[in-house]
Structure formats: C-alpha cells, structure tokens
C-alpha cells in the first residue's frame, strides 16, 4: 500500500545524467488550435490556414510553436518543478519538426546540472527537455533551470556542475523545417508588407494593443497544457500565499505577448529558437498585458534567399502601454510593470 | 524602417470601388464547433449532428451560420473598422455555401458608398464584404456601414455616394443550399413539432431563457473570430473610456439571441439572409441576455414543398425577461433594456 | 399557432413504461476533447493519447467517460428535469462502447418508476436513460430519479411504482470494451507505478490538489453538454433565488473530482460503472474543489489477468483540504464542505 500520490522530486532526487521519461503522451487535436486562438487571438497566417501552410510547402497548418512548447513543458512539471520555488531561466531552445493535429507529443528530460545553494535548503537543477512526436522525431528541446527544495537539509550536496549555456542559439543550430519554402509567401494574406529586409537591428516596435486576462482564461490555458503547478489553480490556498492570489503561468504571458506582436511582426511566421527568457514579475487575473519588441539581430540563413532570421527581444508589460519602450535600466533593474523579457529567433520571408 | 504596426484606415483612405483583400485566411476546425457550442449552448440539430445533416442531404454538420458570419466579419475589422466610431448597420446579407470543418475562409470587401459627415471630422463608409472558401465559392456576403474618423479634418470630402439598400433580401435572392432537402426532416431529433406551416406573420414568441455573460466568454468568442477591435479586450484603457468597461462584441449578442431562440424556433435550421440589424445599446459582462422574436413574413419558396422561409425579427434584451415583448415605441425609441434588433430569414421544414 | 416554447414535462406527463426519444443528436469532435482537457486538466493517458490507446487495443483515444456521460445526460434535461426540484440519485450506471470523435450520440429514456409525494405537489420520476451511438450501439445507460413538480395539484396520483435499485452494479454486469487489453500497459506513460494489485479495500487516498471554479468555466462546460437547466446560467433570476447565485451543474464537480483523482488513481483508466451518486451540497463559482477516495472493493474480472476492477468512492469537498478524509458521520450526516459522494467502478491494469 503506502501513499499513491505524487510528491514530486526534491533536490536530492535528481542525479547528473539522469533521464526522466515524463508521463501523459498528448495527441494534438484541431480543438487545441481553436482553443489557442480563443485564448490569445493569434493571427499568424501559417497557423491559421491550411491553404496558407500549403502555399509555403507544409502539409497543413502546424500548431502554434508556443502551444507545442507549452504542451512539452507541461509534462515536465510533475517531475521537475512540483517542489520548485522559482523557475530561473530558459536557454538553448530549438524548434525542430512542426507539430500537426494528430501528432502525439511526449517529453523526456536529462539532468545536465546540479548545484546546491549556500543556504543548504535548496538547489538549482538544470534539465534539457526534449519533446518528441509519435515518429520519435524531436519537435523541440530547451534547457531550463529551476530552484528546488531539498527534502532533508542534512543530505549531502552533490558535486556542483553548472552547464555552459549559450547567450543565444547560434545561426548554424537553427532549423528551418525541411519542406518550408517562403518563395511564394503571400503578404496580403499574412497581413503585412514588412519582410525580413525591412527590419534592422536596434529597431523598436510598440505592439500597441493590450489584452486583459481573466482567471477562467489562464486556468483553461494551463490545464489545456496539462500543467499541474498548484499556484495557478487554487485560490483557497493562494489567498494565504505570497501574493494572495492565483499566479498566472508564465507561458500564458509569453503566448499573449507573441499574439500581440502580430501588430508589427506579422510575418514572423515561425519561432526557431528560444535564446533566453525571464519572468521578471508575476501577473494576475485583471492585469492588462502590453508588449513591445526590439530587433536584436537580422541574419541571413546559409543557402536561403527566401527566408531570413530575426533575433527578437519581446518585453511584456502589465497595466501600462509600451509607447515609451519600458526596459531594463543600466543598473540591471527592470522598470515597474515589466513582467517578461523574452529573447527568441523567428523566420521571416525575404524579398528574394 | 518606419512604423510596422497597422494604424487602420481613416475615412480618406477609402475610395469608391476599392477592393480590399483582408488578411488571415482561417481554416475551420472541429474545435470551432465545440467552442461555439460551449459559448452559446446552441442546439440546432443540423449543426450539432453529422447524422442529422446527412438525413437532410448535407455531407456533414455545417458550422453555425453565425460562426461563419463572425469569422468572415472578423477579418474586415483591421481594415474597415479599426478607426470606426460606430457600427451603423447591416443590410442585404446572404448565405451561400454552408461551411464545413476543413474549409478555409477569406474575406474581401468592396467600398460601395462614401459620405462625409457635416462636422467634417468623420464619414460613413459602406462596404460589401464577401466570405469565400478555399474553392473560391462564396459562403456569405453582406453590406455594412460604419462611421470612421478622418485622419485630417482639412482633407477634402469625396463626392457623396450612398448605395440603395433593400429593406430585406428579396425572396428570389435567397439561396437554399443545393443538396439540402428537408423531406425526411426528423422533428423528434430536432426537438420541436412546430414547422413552417405552424407559424404566422405577427406571431410573437418569448424565448423564455436568460443567459448571463462573463468577460472570459465574450473575449474568448471574439478572439476565436480573430476580431481585433480593441474595446472588447482592454480593461486598462476602457476603464477610462465611455463606459468604464470592456464592451461586448455585438455579434456575441446575436449568437446568444439565436441560441436562445431555439426555444420556440428549434426548426429554424438555416439562416439564409440578414435583412438588417441594429445594436441598440451596449452590453457588458454580468448582463443577462433574454430574447423574443416576431414572425414578420411566412414565405413559400419557388418549387419547394419541403422547405419554406420565415422572416424573423429577434430582439435581445438585457436584465429583463421578454414576457411583455419589449419593443420599439411609436416614437421610434426602444424600450429600456433592448440591446439588439435583428431582422433575418431562416429556412424551416414544411409539412409537405 | 399556440405556444411554441418547451414547457418541460410535469409529474402528470410521465407514464410508466413511457419511452422518450430526446432531441439533439450530438457528434463528438476533437474539440470536445480539447475543451474537456481545458476545463478539468484531465491527464488519464488513455483519453489523452492516440498512441497510448492503440497500445491497449483501442483504435484511438476515446473521449473521457464522464464527457460521454454528460452529453448523454444533457439531452434528458429538457424532457425529464426542466421542472425538477431536485436530482435525487443515480444507480446502475454502466458504460458499454467507448465513444470516439466522429461518433454521434443520442439518448432515450424509459420511465421505470413513479411515486407521488405525500404533499400532493410533487412526485418522484425514475428513468433509465440510454445513450446510443450512430451504429445503434449502447454507449452507456443509467437510472436517475428526480423530484418533479405537478402541473395541477388536483390531478390524481399514479399507482406508485418504485423500481428495485442495486447498491452497486454487479461484477458480471461490468463491460470491458471488447478490444481493450492491458497486457502492454505502460506505467511510465500513464504516470503511476500503482496497479490494481497495489490497492486494497478500505484504503483512503487524499488527492491533495484543489481547483477553484469560475463562472465562465462551469457555464461553458454545461453548455458544451447542451444541458439547458436554467439555474446554471441566469444570474438575473438566481440572484433572487434560493442561493442568490448560479448553481454549478453537479456533473461539473464529478468531472473535477475525477480529474483530481489522477493523483493517486492514475491507472484507473476506464469507468465501467456508476453505482450511485449524491450531490450532497451545492457548489458555486469561487469554490475550490478538493477530493479524496476510498477503495471499496478490489475485484478480479472473470477470465482476465491483465485487468481488474476497483470499486471506488470519491468525495469532493469545497474550500477545505481532504487530509482528514471528511466523511459521512455515523448519524448519516455529511461533514461540512462535502459536496459529492460518488460511488463508481474503474478498470485498472494488473501485474499479470
């Protein structure tokens, strides 16, 4: 007999090189696309339309790259972050195969780093998580590090091992889906005349629109991803918690910011890398999310005239418009209201 | 470089005869049907059941006619009404091909009328919008006119041109889907014994039930339609706006009223025309919507014994039951609480 | 002419042996699975993954057993319980064929018992409701009894007839889906190492997690099931009603409790019987639902080494954790906070 409920892993439970096969394979349905649209209002043509997808060489509209990310990520929560105190960062996220309805996603993680904190109560766990489809093809992978409680403060610390993390996914590591060709890309259908050639490093774009989040929305989203982190769902305990309220899943804000970024980046048709990301401050139901982006790099892709890469940094801000481009100060502190600083790389059609 | 965000069109940007191809082709998924059901509770058998649809000659259950309308309409917002002050009316709406899952919808609009207002600050734009599927078949079309801001008050007015608008779509303009035959129509499955023959002009029906609307619901609906009108989503700005709150998309109320009308009009299986419509007053989250209908006309359809047309006027009322059939008074003013006056034509099985 | 709206049936309208064919056949879509996941966060691998379903012999992931139940149940509301005062109980619920996307469900009910109450104002109606797919295969059946208003207190009472109801579905009445084989059941994918062999009668499991319910969520769920009971949707009338608020559909709580029970019963892969169920107290938006379960019986199934049956009793509790296993006292009264006492039987893989 004994307890049958999942207590989650504590810091001592992780070992360097350990591979965790996460539970709950998840088949993607057309309904996931509809719900994602209803939750964020995404308008990128590639994910909205089978006909558009076919015009650029794909068999049908792939699901939103971030929906794939959230589903893959959600599976890691019961094993990796149920006893986490903080989600510290992302690095080296790469998108491989597009995900289509009917695909079944699973996730496994490898422990690639461990370091106990000096307080002896917690430690940092680094994992490389990989999402795989039913043909064992990688759909995406990323590194995440989280601060996890120790079960027992007296247990001895592991030999510290901190992986080297790149500032950004290097150009030669970016994956353009094999069939994708943007030669016949339809700007009118996509909703913007602005192509890769029109952007330049340092350019800042205020995405203008704001979106207020409701409790029902972020909880439905987070459950859709089968993410079980307790802080998002339980007002009965959270009202006595640190914030007095349910915390919104950070990925919900990433998706909102990406959807808002359509207004200015409509042709950023595919995310190919997550270089890094930081949830700067918590968000709650009732907050209105705005976003702005800075173009960090404009890169050609080897052998391609139809498509280029833009490295983008998108900041999400709550309850304040982004006209003034609120940012991190020289002292390293973020201006009030900033909730997300997300560094990623997208594909965009070139003039050819 | 320059701004990459969409500022929307101002009154000066429209020219008579101009054709606008709207962005964001949208493939319809089974999930759209599920979400539409979850949002409105629609029970019309034709849209609920593939077996029922096949029993009346269709290949499978078409999506709700109003879901098709909202998707087609949503695409026009970024080009037509982003700078609109008011949505003034609809006319001459006709439904052509039913829409099925897997269909991809696009919308184009033709500017068919322009008239600057005497204040010199705004003008009225008339557009005929046409929704098309992936086979270039028209799925629906309608005329809409909106009041739009001028960018510059000093710009010269266009030659005024106001299209002639019919009071109602004429009988010979109604389209019965080619395959549809109601000979074997199953009243029991459909939920009502009342057929076309049982209705008469002047008849009033209180649809009895009321439905309270939540913020999460109308926002999810409006995003599902990829409708980007800002007033529906942003509490941070709307709290300082005219109403102090987010405004519910008028189409959400049309869909609620239609779903409520099942109780009394269960066999109104297909909308074939929108003759006109007026959003009489705004609605907000927390409002409870009731509806009643008046039968305006009962028309035979040429060459058909299986199906007839009913011209219906459905009024939606907030926070008050419709037992007393609240209406427009002789002075042309609507009774308090009325939020929608919608004039449309439906198909209904005949006794044969 | 005459009224066209559905007044529902009153006690006098039911006759022993009467068969009611309920309206609104409903085709199940992939979107129903997505929405169900978004509403409850269900993680049972069988319903989540086509690949997992195929590994146990099914053609694809069936929809959640309770989603099938709610859809079948919803159809009975307009005929059976529109004028009901109370939903008194369930018995003898049996699940036959799994339901897949593309299946179309219909429901019929037989009146199997009638008993007027001594007050002469109400009576109890017993119905056996049967859900059927498009091949006329039974998908599930159950007995329900409800207290219904009389239309006219003066109408004579029927001869009382109360059906004999089993305490539980007997073992030989349980149906294991024909193709299902748990020989190759994957514990890792399913998320728990605990199989049928590891449970014992009397064992109690606190499912730990809590889930707060929002108005938008329970209303979307209840509409998804096309359940039209007025008390769930209309704040305008309910604010003057017994509770001052919209009441949450009892089935929503059953589904939440089942989803929460994953944490401790992850391998309870299929519900085969509903032995009984009682909605002990009402729930409202803002309530946080917790659950715990007691194993009532562990039964082998004739001729099967791969799968066994567990009879489970799951209690849902609002706004209080279940650490102390709140229960019915010896006096027959339930401890405060308990909202559901649900007795059902599940299949679980054996060690073989």
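A, B and C are the chain letters, set down in written order, and residue numbers restart from 1 in every chain.
Here is the rule we go by: a contact is a pair of C-beta atoms (placed from the backbone, for glycine too) under 8 Å apart; a residue touches a chain by one contact, two chains touch by 3 or more.
Everything numeric in this text was worked out from a predicted model, so none of it was measured.
J.: Nearest 5 degrees is plenty: how much rotation brings the CA atoms of chain A onto those of chain C?
T.: The C-alpha superposition of chain A onto chain C needs 120 degrees.
J.: Validating interface symmetry: for the copies chain A and chain B, is the fraction of residue numbers used by both over half? Same or different.
T.: Counting shared over all numbers used gives less than one half: different.
J.: So how far apart, in whole Å, are chain A and chain B when each is placed at the average of its C-alpha atoms?
T.: Here chain A and chain B have centroids separated by 36 Å.
J.: If I count partner chains per residue in chain C, which residues reach a count of at least 2?
T.: 29-32, 34-35, 101, 214-216
J.: What residues on chain C touch chain A, complex-wise?
T.: 29-35, 37-41, 43, 45, 48-52, 60-61, 101, 188-192, 194, 198-200, 203, 205-212, 214-217, 263-266, 286, 288, 319-320
J.: Would you tell me which residues of chain A are touching chain C in their complex?
T.: Going through chain A, the ones touching chain C are 1, 4-6, 21, 23-27, 29-32, 34-35, 78, 101-102, 104, 106, 134, 214-216, 219-224, 226, 228, 230, 233-237, 246.
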